[in-house]
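Note that the chains take the letters A, B, C and D in the order they are written out, and that residue 1 is the start of every chain.
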Amino acid sequence: MARTVLRGVFPYLVSPVDARGRVKERVLAELVEHLIAKGVHGLTPLGSTGEFAYLGWEQRRRIVEVVVAAARGRVPVVAGVASTATADAVAQAAAFEEIGADGILAVMETYFPIPEDGIVDYFRAIAKAVACPVVLYTNPNFDRSVLTLPALSRLAAVPNVRYLKDASTNTGRLLSIRNALGDRLRIFAASAHIPAAVMMIGGVGWMAGPACLVPAESVRLYDLCRTGKWPQAMRLQRRLWQVNQVFAKYSLAACIKGGLEMQGFKVGAPVPPQPALSREGRAEIRRVLASLGAL
Amino acid sequence: MARTVLRGVFPYLVSPVDARGRVKERVLAELVEHLIAKGVHGLTPLGSTGEFAYLGWEQRRRIVEVVVAAARGRVPVVAGVASTATADAVAQAAAFEEIGADGILAVMETYFPIPEDGIVDYFRAIAKAVACPVVLYTNPNFDRSVLTLPALSRLAAVPNVRYLKDASTNTGRLLSIRNALGDRLRIFAASAHIPAAVMMIGGVGWMAGPACLVPAESVRLYDLCRTGKWPQAMRLQRRLWQVNQVFAKYSLAACIKGGLEMQGFKVGAPVPPQPALSREGRAEIRRVLASLGAL
Amino acid sequence: MARTVLRGVFPYLVSPVDARGRVKERVLAELVEHLIAKGVHGLTPLGSTGEFAYLGWEQRRRIVEVVVAAARGRVPVVAGVASTATADAVAQAAAFEEIGADGILAVMETYFPIPEDGIVDYFRAIAKAVACPVVLYTNPNFDRSVLTLPALSRLAAVPNVRYLKDASTNTGRLLSIRNALGDRLRIFAASAHIPAAVMMIGGVGWMAGPACLVPAESVRLYDLCRTGKWPQAMRLQRRLWQVNQVFAKYSLAACIKGGLEMQGFKVGAPVPPQPALSREGRAEIRRVLASLGAL
Amino acid sequence: MARTVLRGVFPYLVSPVDARGRVKERVLAELVEHLIAKGVHGLTPLGSTGEFAYLGWEQRRRIVEVVVAAARGRVPVVAGVASTATADAVAQAAAFEEIGADGILAVMETYFPIPEDGIVDYFRAIAKAVACPVVLYTNPNFDRSVLTLPALSRLAAVPNVRYLKDASTNTGRLLSIRNALGDRLRIFAASAHIPAAVMMIGGVGWMAGPACLVPAESVRLYDLCRTGKWPQAMRLQRRLWQVNQVFAKYSLAACIKGGLEMQGFKVGAPVPPQPALSREGRAEIRRVLASLGAL
């Protein structure tokens, strides 16, 4: 399993949950089927767009079970593990691998500031608990456990820590990581980055919410980048970037859930107290999706 | 229950948990007995010092059960409810009241930014789920859901929302709240504030980790403040402030757990990846406690 | 000169400048006369309310000349020195002492982050350039050169560095400084602090913009504090706090200049691009001043 | 003059000043000659690397005079205007155009927060004061006057506001600006961005300190980008990025001044209290320059 190679477009799946907190399993399975049909290279349940921070353990486990079952091995499933506590994260990771996840996206939530040794220990413990590849996730805007270059360097020495998804907005930081660690830690862009730019500096793909709404176009962009057709890639990138702009402007889960509803997937609203997409936000996402032929 | 009046010194209890995650029930009950014997006016399990952000539901519930049972109604128990999700917080609050908590300390954790309406809804939903008084808790340094004056004003209109524990360090903010809301929202200081100063501007007590280590002195300070003996209060306050200074400098739970171990309570270390108190921190807390006659 | 003792209420003077940038000397002299008549204990031209950051050297020098001349030695004048560059600050300080200032308020502006040694050197160089007492000024909200406790400790060893004006909003920080340095560094509150609370923990007065608008009431508050009449002090403090609240809400210079215009002093508007007080702000400051009998 | 087209590599010149504050005119002229000989497309005195925030008006004026005289019209000189006050900035801009600058780099320094209208007015007033093109400069890390997309949109309507130099590290922000404003506002990268990535998304060059140390290589990178040789561009970019990494790690002016001293230009140390490059920093910059054949 640690040999699994991850690359390409991995939509961050939303987590469809009804008003009573039950996972809407059929809708989630339909979304998985749809995205695989559009050619995505993998699936990431329980990323930030997947509202991991708002779901309990039973909900999280059910979501991974549904996604793994629906994917039927056609594409790798990289499940999000997130906690403040090391032991809890380790238990989540082991359970997800047992269910059949092909990789773990490891997120560290924080309440108190944690020194760098503690941060490294947290991610290392997750990696040791599984045989599959681990994608480190760092998002300085939300989770406050910034993975510094020295910390990344220590973590890249763990055999199955093989990828980084960085949501820092700082593309230069990615090049510094590439220069320091090369292929020891392969980079996935987040929605905060321009995928084509990250591909040009050596990234292997992107893991992001917007790809849920424009999967086919995302795959096309990936193919253009991979074959070095940069002018065509940039033309497409510019058009697709509108989705990222809306995504950054409105609440993440609200935005993707709202857009999926427009596309016919009854994924519902974000978990309260997160607000549903505003009327203004709905109009904007509708306009953007229409202009991209994605409605 | 909503008639319960909260005032005075409420130590933020630590959460003694062993390496396998089990609550150390006997140690916790001993600590409760000790603090009541020293005269504290109430007990607050699952505050920030209580590491709520690092504990699962079973651990949290057991801790409240043990504290309520050990307190035997001698002092009110105000249990900490903390979540990102409204429904989860409501369930916690209802369960704690059922167990016998006399009040709820309501904390809102965040991952994504939540608009003010959502923040108000979160706290309001907790208050509606219980009959006992609710203490709002806001800590701009850690939880990022700042309760603005307009938000506090809306919440103070809920009958059982009666107290605020503010950990902002900004004493002027407390006076602004006093001026705007008067006794509709009574104020407890946090360890980030100088208790005597907060008492002088109209506070009703403090809820804080340091009172675990110096309960008798804290009660004496409260009595001096309440009887208007400000010069004596300030002399004592200055000496006690050393505990707050150490507490702010080292990790909260590590500091109080480390100090309690020195006092003979086998409360153990903080939940990983939080580090245990460093050698340097241990020396400093030992020196401070010794100088206060608290060893 | 270094023997001059500073204590009490020091209004931060506004800097009346006309549309062509000329200092409105007569208005400034009238304001000085008015404030002295109301009993203030000193005057501080070129504090933050004095818009030092928006004035050139000729304007600054003229302002100090006018204030020193108008004060005629009746109260000490503490002139604000502010720069990013050490040599420039030293030149300003020497010039102000030559003009007749009785003390220097030393501010460090920053553009790039400066290491602590550089910060200490900057303030030390100013102190060495003059014989009069120096008031260190630190405002973490605006000037980004936070004076840490170790830095303050090093600076307090310079003989004429004798005071600190702290605008941090963190009253606990002041008590930590008191505990560490005692009378080696006496503390003036800023408008971000509650003066009565700072006096209770050992402060010697306050330097702040609001005292321009309510000088007599400020002096009365100071007297109540100094004589230990804390309940009466707090009653007055609560009413006066409204001025600080408005001051914090609207732009500093705009707020005080707007209020002084209402009191008949033709001090004009802040230096562009700072906006003048909004209509809403004018209504609020008018209401507050009226309620305090200060119109 | 407004027709002047700016594009390519514009080194941010250092400001060589001796211990007594006098501009080292000969050294500055030599540096200008050297950079033009290496093929740079323009020169930018008084950018952030040029320590504008640490220099007085006489120093600034002299620096622009020396650079304009030394450039002898061979490449455009874009002079940095920086102030907190609108009138002062306007005077600087007019004087620099009078001296012969071909463009103005407009920086807004702040002390108090300024509302967006004030920010727009500041930059608009500078543009109206000159006939030459204006480059807006925004650096959220240092100057705190963030130019939002709406503000940029308003400013792009001013005929001679034609360029933006953005130092935000957020490359996605640049693409959003490109999408919204197209060629109405052409983009120069700062050292915080990867020049090749910015060129790929439509930038016209870069204005940055590192180009002082590696001018020929920078020009070669620009040519590779301009002719669409992206794989070769990225290979070179990766090597050059090391200079940006060191630059970001150590103090800007110290780093470039230290490197130029190694290359034989006696530019001296940064203006105090900025520290000179540390021993460790010197070793690192020396290693990087050596590896690039730039010593």
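Heads up, the rule we're going with is that contacts are C-beta pairs under 8 Å (C-beta built on N, C-alpha and C of every residue); 3 or more make two chains touch, one makes a residue touch a chain.
Please read all numbers here as calculations on a predicted model, not as lab measurements.
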Chains touching both chain A and chain D: none
Whole-Å separation of chain centres (CA-atom averages), chain B against chain C: 36
Intercentroid distance (Cα basis), chain D paired with chain B, Å: 51
Where chain C touches two or more other chains at once, by residue number: none
Arrangement of touching chains [line / ring / star / complete / other]: ring
Of all residues in chain A, those that touch chain D in their complex: 169-173, 175-176, 178-179, 192-194, 196-197, 200-202, 228, 230-231, 234, 237-238, 241-242, 244-245, 248
Chain D partner contacts - residues on chain C that touch it in the complex: 21, 48, 53-56, 84-88, 108-109, 111-115, 117-119, 121-122, 142-143, 251-253, 271-275
